[in-house]
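Lettered A, B, C, D and E in written order, each chain numbered from 1.
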């Protein structure tokens, strides 16, 4: 490919669903190393926050690309949103529950049968699944406001977390935590790059180029996160470089599939199907839909991987 | 300027307030075009209520209040060039004396220069020249009423309705103000209704005096004195005042010797 | 009988306006074909309200409780505090600015602290409602009491009335119209405060509207979000209506506002 | 010179009050040994403010811009809309209840929709600020204009003043004290609205205070949350101060409030 | 009941308002304990300003206003049992006539029964019995002033300050009210200052008349007529009125023949 001049670059925006962190490391690596430019793209990465409605923004065409979670793709599609998943950063669900290290509770099941106070976003789909499985009548659920302060000062408090984020933060604040992943009961793709159906139809080449460059970015990032983290810290000074380096190490096993680096970002019909089934079972979405259209594999080399 | 000065007719006017208070009871009289009628009567007898009806601010429960042009047509009240001096001063607290007085001209779209010239004149006549720039809160009670009167007289009204404009001032200031009222009335030729507590003021200014009592008309009296024969010290004037005073006394229910 | 008739006549205009708005909204949604997750039609919202009525009504009752208690607390604190601030110049110069600053603290940011201080559940929602509702009442009370006719103040001064007596017999009655306006503003804010408080306080079996909204947002159920909002508006509107009625009852006989509205409706 | 002296004298009380509060807070934190995650001491907050001053000031400027523009929009809409509603009985009966209902829509719940409708950044924050700030202005304007002395209204009626003239020369000036109170309430709400708007409006290079708060909360940096809140209070207080000064400038010569405060400060 | 009725002394009182307006200029006179002094003068000459100082509502720029007890001690104003009738009625708009009149008793802690009995009496004397239950907005201007006067007279004051209490009513109602003022004054023995525009009222009620002009005292006149010799129709009375009228005319700057 000839290196195109600046003016000919296609400008696109990627809306993050959180502030710049290692969970978006691949995109920043691709940006820093000029992989997007090499594909003819001028990418603007927009910071986000807990309240930024990324899925709706992409479905309504306000932005061409955004980071969303797998269940958001299906729920929004069930309500008529034109959203399509392109690239699944996390192959394994990084969501979990974080407890103080010396909390006697030793498993997710024990947690769910305890009478702990537990902070989590209302409407998390796995709650219904866990309730079904373990009861959970004694749990006291309270909303997670995004603030970790409660956890830090309350020894028997439990909260939801991103395995790569909150436990690291807690540790850096001298609070040791243990984490129970929810992967075993609920395992949607997470940090999924999604686009708009119409946009995909009309700009297929751009989409494919974007996904291609992103995947390469991830390969580079995971190989040497220390090279890219300073730039991310510059965009998000509230997280230390140390924390980012730790997080980058932790996330590697969640991102790289068993098949190896070639499968980064891959998505399979089976995984989407079982997610859909869980959502229907827990009445989050009404009926099953045509899953084929919910995701688009721009990178055929990854599609067939297990 | 050819103007069709109206006469003002009260025809069997009654007014019962929502609480049931009967303020007016079958009142009929008329003020001829260009005439000046004084209305006198004990406190609470319905004078202000009558005036408010003429101004279109209240409506008769039964009966009617009409302006009738010289061609015999009934005018709509809104078409009249009306000027009212209320019993309370009703000044805008954020405007100084000059701007309060000029308000009606301002509302009529008169140019700034003409406004200030005309305001200056009536302010002088009301003895307020030295207080021109003061706000209402900086005036005495009598001064406030004088501002209100000056504001009423600053336009050239066809109909002039005055509700005790001089009750808050002393005898001599009152005589000066009477002079100003007469001057404006004569210049404008307005059909005028004047409510007053001063019988001598009524006799001095009016060509007809309506004496009221408890919502009804007690007496209607033409003032016999020709205008040029009025002199506040003449015996004819004093006699007339005496006569009206007796009538008012009877209206007020006082036994007169 | 008369007043029932009058009540119906008074309701015609607002009901018409609301109906008009709903019809326009329905038509706009139908014409533009905008998807339901962006802007559901009123009809869809109504259907959702019907389908989820148990959950919504249960939530509304909880939210109404928090909002009402918070509103009452805010009213009492606002009226008493505002009166004290209005009466004592030193307080006016010191506490009023402080109260202003407190008003500007975004509740969403300190809500986690409220939880820590007050625990999860109702108390936090009540406190949140009270915190956002108190300032309008305070400001309106101060404004109303500082604007009392100085002539009437002098009268009380002359008769050696104590501050307390003057407040009870003059300042308070004279400032009721202003206070009612403050309460009207506060009524709406109390509901919003309660909902924001619920965002951070607990949710057990029966979720209050704040939690219903959060859950619905997460599930992209904009129709349910709107249905919950509609119910929260009903809660707020009831508070607002109660305050308005109270205000009318207290001042209609003597205050300019009723004279002016009579004059105009002629 | 006189007025500079006077200004300083006026500032003594509020500055004392704030200083007193800060000292009490500092002592309370030091005595109780409460964790900094829960409640940082004022001193710690001050240090954070100093250390993060670039970021905070940059954010405050953006938030101030959104809040100020939103506030101005709300003021214009509130004053004009309120005047129309006060002037036309039909609107009062139809639109006022509607506006009330809109006030009760929790912004936090519809903010995500605002982003989708208005796009990113400033416009959404401005809209959010305007939405929450408009009702107090509207309500206060209506209240003020409906309470204008009926005697003065009659005067204008008699001189055949058009509605527009009467509004300009009577209703508006007479209701300025009430409107200023509404604006005071709105000033604080506009800042909060802007911050909530910023929570949802994705952002570019320089993060406004809303984002700083969100991020800091996530990172459990309560000190930074408070520092950002303090700056947002400064923004709000500047708006509040500007409104108060304007109000004082417009009415101090004639309105009872200034007479009463003079009398009391004797 | 042994009361130490004070005398009221104005000593070289001047008052310059913040705008620079000089309302009073070196005014000195005193009202003896239990005396009734009438103050008359043209509109804006400073009468109300004087009264406000006596009531403690305004302060002299220079000079002093003092209450002096019969033992020669200066009383603090606050300790006086003072009653003021202002130039404007100052009624509480949310209270009806009875409750407005009873307000001072209420503030003094008088029991409900006694309150209503005493209010009833002054209301009757003011001719307001039929309007007892009305709100101020439902009264005529003169009726409102009568309510204010009734409220002033309902207590048994040691010091009575009246600012044109009768200017809004007709001659005959005024005579009735004068009667009531005199009755209360005689019963209470109050040291009284009465501002009025009616010279005959001043002569009728006062034992001393202060004629003011533009912020200064023009003349202080003892009313020579003994109280039992006053009769509104007697020639002695009319002569006294005539004399004071001339003095007022000069104060007002009118040339007198």
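A few remarks follow.
Please note the rule applied: a contact is a pair of C-beta atoms (placed from the backbone, for glycine too) under 8 Å apart; a residue touches a chain by one contact, two chains touch by 3 or more.
Computed from a predicted structure; not experimentally measured.
The chains in contact with chain B as well as with chain C are D, E. Common neighbours of chain D and chain E under the contact definition above: B, C. Chain pair with the larger contact count among A-C and B-D is A-C, by C-beta pairs in contact.
Distance between chain centres (mean CA atoms), chain C to chain E: 49 Å.
Mean C-alpha position of chain A lies 38 Å from that of chain D.
Chain centres here are Cα averages; for chain A and chain B they lie 84 Å apart.
For the pair chain C and chain D, the distance between mean C-alpha positions equals 17 Å. Each of the following residues of chain B touches two or more other chains: 88. Multi-chain contact residues, meaning those touching two or more other chains, occur in chain C at positions 38, 112, 116, 149, 199, 217, 222, 255, 259. Of all residues in chain A, those that touch two or more other chains are 53, 56, 60, 145, 147, 149, 153.
Viewed as a contact network, the protein chains fit none of the simple shapes, being neither a path, a ring, a star nor fully connected. By the document's touch criterion, interfaces exist between A-C, A-D, B-D, B-E, C-D, C-E. Residues 17, 19, 21, 40-44, 47-48, 87-88, 127, 131, 134, 138-143, 146, 163-164, 167-175, 197, 199, 245, 248-249, 252, 254 of chain E are the ones touching chain B in the complex. Against chain D, in their complex, chain A makes its touches with residues 15-16, 19, 46-53, 56-57, 60, 62, 145-149, 151-153, 169, 173, 236-239. Residue ranges on chain E touching chain C, taken from their complex, read 55-57, 78, 82-84, 86, 88, 90, 92-94, 103-104, 106-108, 135-137. Residue ranges on chain D touching chain A, taken from their complex, read 35, 37-38, 55, 108, 111-113, 115-116, 119-120, 199-204, 207, 211, 214-222, 224-225. The touching residues of chain C, when paired with chain E in their complex, are 149, 151-152, 154-161, 165, 169-170, 173-174, 251, 253-255, 259.
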